[in-house]
Amino acid sequence: MRILLINPNTSQVLTDKLDRAARAVLPPDVELVSVTAEEGFPYISSRAEAACAGVGVLDVLARRGAEVDAAVIAAFGDPGLLPAREAFDLPVTGMTEASMLSACMLGQRFAFVTFTPRMAPWYNEQVRQAELSARFAGTFTPDVPLGNIGEIDSDLRGPLVAECHRAVAAGADVLILSGAPLAGMAPSLRTEVDAVLIDPVQAAVLQAAALVRLAPLGASGGSYRRPPGKPSTGLPAALAKHIARDE
Amino acid sequence: MRILLINPNTSQVLTDKLDRAARAVLPPDVELVSVTAEEGFPYISSRAEAACAGVGVLDVLARRGAEVDAAVIAAFGDPGLLPAREAFDLPVTGMTEASMLSACMLGQRFAFVTFTPRMAPWYNEQVRQAELSARFAGTFTPDVPLGNIGEIDSDLRGPLVAECHRAVAAGADVLILSGAPLAGMAPSLRTEVDAVLIDPVQAAVLQAAALVRLAPLGASGGSYRRPPGKPSTGLPAALAKHIARDE
Amino acid sequence: MRILLINPNTSQVLTDKLDRAARAVLPPDVELVSVTAEEGFPYISSRAEAACAGVGVLDVLARRGAEVDAAVIAAFGDPGLLPAREAFDLPVTGMTEASMLSACMLGQRFAFVTFTPRMAPWYNEQVRQAELSARFAGTFTPDVPLGNIGEIDSDLRGPLVAECHRAVAAGADVLILSGAPLAGMAPSLRTEVDAVLIDPVQAAVLQAAALVRLAPLGASGGSYRRPPGKPSTGLPAALAKHIARDE
Amino acid sequence: MRILLINPNTSQVLTDKLDRAARAVLPPDVELVSVTAEEGFPYISSRAEAACAGVGVLDVLARRGAEVDAAVIAAFGDPGLLPAREAFDLPVTGMTEASMLSACMLGQRFAFVTFTPRMAPWYNEQVRQAELSARFAGTFTPDVPLGNIGEIDSDLRGPLVAECHRAVAAGADVLILSGAPLAGMAPSLRTEVDAVLIDPVQAAVLQAAALVRLAPLGASGGSYRRPPGKPSTGLPAALAKHIARDE
Amino acid sequence: MRILLINPNTSQVLTDKLDRAARAVLPPDVELVSVTAEEGFPYISSRAEAACAGVGVLDVLARRGAEVDAAVIAAFGDPGLLPAREAFDLPVTGMTEASMLSACMLGQRFAFVTFTPRMAPWYNEQVRQAELSARFAGTFTPDVPLGNIGEIDSDLRGPLVAECHRAVAAGADVLILSGAPLAGMAPSLRTEVDAVLIDPVQAAVLQAAALVRLAPLGASGGSYRRPPGKPSTGLPAALAKHIARDE
Amino acid sequence: MRILLINPNTSQVLTDKLDRAARAVLPPDVELVSVTAEEGFPYISSRAEAACAGVGVLDVLARRGAEVDAAVIAAFGDPGLLPAREAFDLPVTGMTEASMLSACMLGQRFAFVTFTPRMAPWYNEQVRQAELSARFAGTFTPDVPLGNIGEIDSDLRGPLVAECHRAVAAGADVLILSGAPLAGMAPSLRTEVDAVLIDPVQAAVLQAAALVRLAPLGASGGSYRRPPGKPSTGLPAALAKHIARDE
């Protein structure tokens, strides 16, 4: 089985981090192919950036989807997730959704712990869209300046642990370390926090692998059934061709 | 006051229809500027198409937003609405959201009546995102082939009236005639249906005008506060410049 | 267009405040007619008082409704709102409902900031009735004694700003300055609070004007359809006549 | 223990029916005092009528509340219930709320079965206000003309049984025979319907008696705590005196 | 009328406490029969313990149910409640459910105040199962060591009062003193807390007595209808016989 | 990795069916150990039966849990699931929960399609407990007599397909073939139904395998943290020993 891990950010350092965290839990028969967005933003942190990145994700899928059995959108906030499911006939998972659903088997209420309040509103919208608000304890972020995006996990370790404790006090019993820069960090916090910790890229890759075995065509029936072909102008070439069903 | 009506579809015939319906209710001090997307799809009808159109909407706002006091996204499903609110400091409304909120002052439960089941899942996601499911009675669509997108309102009049009656029987008391091709149709059905009928482009324009008076900067504080500038690659030039805050 | 602003309290000083705040945002073609309740309470602050005031609102509408195109119930808590919609065929808005729905286009979660905890339970019931709890961040009130009802906005300015900050910390990004005594106060706080501020009487008047253009008969179909005439005893004369449809 | 049963309608025939049904389940130490509204409507069937009746209920409580240990508002729709709880320090129950809460111990989902669609919207608002929508299967009414309000239970027996079956098919397993004219009817239907049948005036009286033993002052603390005295004009004399705390 | 009070714990001291609290509110025609579980745990405080106790409750009902008109499951958390309703044709109430539903007639939002955080997750699941989350303000527990289970009410009085105040500050206006060891404690706190206090075993017994009068067969129709007989192996003899309908 | 599949029913024929369906999707490094309940019911179909079976599941885990990395409760309705998670430190999944959560990545709304209405109320309670009602389209069952429990999938094929179509018409786009007797049936229906079909035992085994990689200790922190040891009487020996932490 081959899984495509799409980093919708343009930072290769994040792709490397995500790839490393994902490989740590890969089932033995799964091959991981990680790609970095060629255009867009070094690190997505607003709704408009996510909207642009979402189209980029669709384009990567149009170019590379045929090579793989499933795809993972590896930016917290899941840019392009629902459109990707509808437009492509293979399982697609996102870091936010996959970690929320996994959390529901490990505790009563999950929280997001992340490094900047800027993304909380966008993340909250994913909870709403998944209709999981009743199991959501909130987003917790330290109020400290960010440094290098590749070093956030070590630079902010202390403040992030403090936020984990705040989330537990607020009723969360599963904590999702949210945002690609925190990929791989969960195991190192397990002894310090009385809650279950989830690494969302791991959740997304594991759910993608599970879906390949459970429903190999992904969301190919029902409300996500692929629409008929349609002409367009101005789209990236591969995406235009895919949407036109000019295959 | 000037309001920008953005048709995210590339069909000028739809822009004309929308512009006409909107002008029928325009307050006397409002000037309407209607623009048609230059790239994209003749008529958006899937999530991937909406995702692409959303970026187009942001680009139009980057190019034309400074000329106006508010903007209306004139495709049912509101592509780009939440990103636009965050990225721009002026009121922005969408046809779906504005008609749902207006409906809440006119009845207990609203329904969407539209011409094709293909868009229902996408529309339903807007209800969820607005957290208005408790007041939503469903999407009702006839099961008949579409003809010319510009003539749907007359071609499908009978089947649409039948769906209105089905929606009423299912508990809806406000019916939203959903989709740009139905713009302007509501008044002609008022005598045939025992419910309140809403034309969503009218709702969107009226709400935009109201917001200009109530909160001239739009969602400029709180969770939609405009983010700091950020460099990008591959975006339409005006949008890249706007997001970079290179103004 | 003529809009009737009904102050269900008997304090003329509040009517003046409400009238002034409403006029600040009036569209150019709207004439405002403000009336003060002749009987009832100087300032409504409990559920029983609101129940009595609600009947007074219906009576004002029976006496004056025919002169106008829409009506605004200008007491936070919206006494008589749903009965008024059913009994009269013109758009009717209330300060609470109109500000909540407007808030949904300006942020993710709204809060009420007001001057006394006594009214919070009654206000909360309006949120429930509108099924908007999922977007509600709570009611925030200072714990200080009230002085003169006409001077609350200046006397309690400091404590109210502090409550605005508490509401933001609790996740609200739109703040509704609740209660007629705070009418007109919102603009002066805008520089001090990182959230969108709404003046509810302005929201109510603007929504009433929008509804006149969108649905001139108001909630005249569906669940609010006016019932057949019915005899009564003991009601105010005009209201009895209206309910009897003895017109 | 003495319980005051307030019929907010002016029809003595309904009071007799309600009194009879209530007495059939009265605990041995409970004395029932039934009173009929002196002013208002023969039979409440709209929101405005309910609003007027609600004030009448408060006035009856002001005049007679001191004689009893608890009160029951005996019109389906519970006019004046929440104001009565706040304004008076004794347990107060309503037919709708009491039957819904009792239903939650007898099944998963309850439905209202009643004789006219006119009241469904008002009844639905009580479900919303109680936040019990998740356990509500809807309101079911036959589409037949009403005859004499005192004979509805026998005149419409067949159509009502048919609606009971419809409600069961829609997922309800507890049926509340709604509206004072159906008081006393439940037992006679028990053999014909595969669901639990509830007579709401019985539920209301039994809950009132239970509350007297459980919390003799009713909702006297918390959000329903009785407010300080306040002057008024134009209210019925006893009610004005009670609200003024001029006791 | 005879009511069976089943203490699913094996501590006779708790049965005595529960029996005493229940008798304080018993209607004059009700006879109370209290039994203590013969097997299981001295005091249930986890989900697995509750699961085991639930089967014990069913067995007591199989052995003693025929002697009584209704039964009360007298452990907070209601072990075995829904199975008991389905398997037996008499009203069955539980302390958690009965106190929550009673609370809905006495305030807007209830809280549980109890003596140890260990049981909060299990209690929360009962709120969810009853679909009452919208009226739930949380579980509040002091962070102090427990002493003798029979003396908790006096040993922890101070810390419990402090938790009552915390619950009120969090928006609760009805406080349910949760857990059998707190039975009988509510009245003594009434002067110290500005909220309504409920003793859950009293609520459960009163609701059971009310249901006997309202629906003597309990949940005998609908979704709780008793299933046909079925053979089993390994069950307690009386329960096996009851489930086999070998009566 | 070793996974324990626990069939809480005593029918070996069902264990064989479940084992076969599970093996069809097993990752290459997973060894499956299937056990059949030694005591209880041939086929669980009521809440009391599920309650008894839940204790049996805990006992199997006490006896066999140490040999494996995760466990699957293989009866639709998930008897004992939440207690098992709390009492044991390894991932535990259930057929209902795992299939619902998987469904959330494959469509907007799931439905249960099963062979008898008797179990619908119990299944519905699992949806409620998981707080997934907003994504649930209902339970659909044919109204035909059951034959041999081991042959239901072939005997009722036609009626089950008809129910699948009914579920789709009601808005479901993922169908969960519910109940152990339908294990293995999903693939054969894929060409006949326009929706995604899920086999719940496959979902449960795949989720268990994913959790072993994501959170090897299962729900060991937070609200499911294993409680301290406690003495008991009357429990199965292994379970008593486990709960006593006498290891």
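Chains: A, B, C, D, E and F, in written order; residue numbering restarts at 1 for each.
FYI, contacts are C-beta pairs under 8 Å (C-beta built on N, C-alpha and C of every residue); 3 or more make two chains touch, one makes a residue touch a chain.
If you're wondering where the values come from, they're calculated on a predicted model, not measured in any experiment.
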| item | value |
| --- | --- |
| If a chain touches chain E and chain F alike, it appears here | A, D |
| Shared interface partners, meaning chains that touch chain A and chain B | C, F |
| Equivalent of E-F within the choices C-E, A-B or A-C, defined by over half of its residue contact pairs recurring | A-B |
| Farthest chain (mean CA position) relative to chain A | D |
| Rounded Å distance between chain B and chain E, as computed from the means of their C-alpha atoms | 51 |
| Between chain C and chain B, distance of the C-alpha-averaged centres to the nearest whole Å | 28 |
| Touching two or more other chains - residues of chain B | 108, 121, 124-125, 128, 131, 134, 173, 223-224 |
| Chain-chain contacts as defined at top | A-B, A-C, A-E, A-F, B-C, B-D, B-F, C-D, C-E, D-E, D-F, E-F |
| Interface residues, chain A side, partner chain F - complex | 25, 27-29, 91, 93, 97-98, 101-102, 104-109, 130-132, 134-135, 168, 172-174, 193-199, 202-203, 206-207, 209-211, 213-215, 218-225 |
| List of chain B residues in touch with chain F within their complex | 121, 124-125, 128, 133, 138 |
| Contact footprint of chain F on chain D as seen in their complex | 108, 134, 171, 173 |
| Complex contacts: residues of chain B adjacent to chain A | 10, 38-42, 45-52, 54-56, 58, 80, 82-87, 118, 120-121, 124-125, 128-129, 131, 223-224, 227, 230-235, 239, 243 |
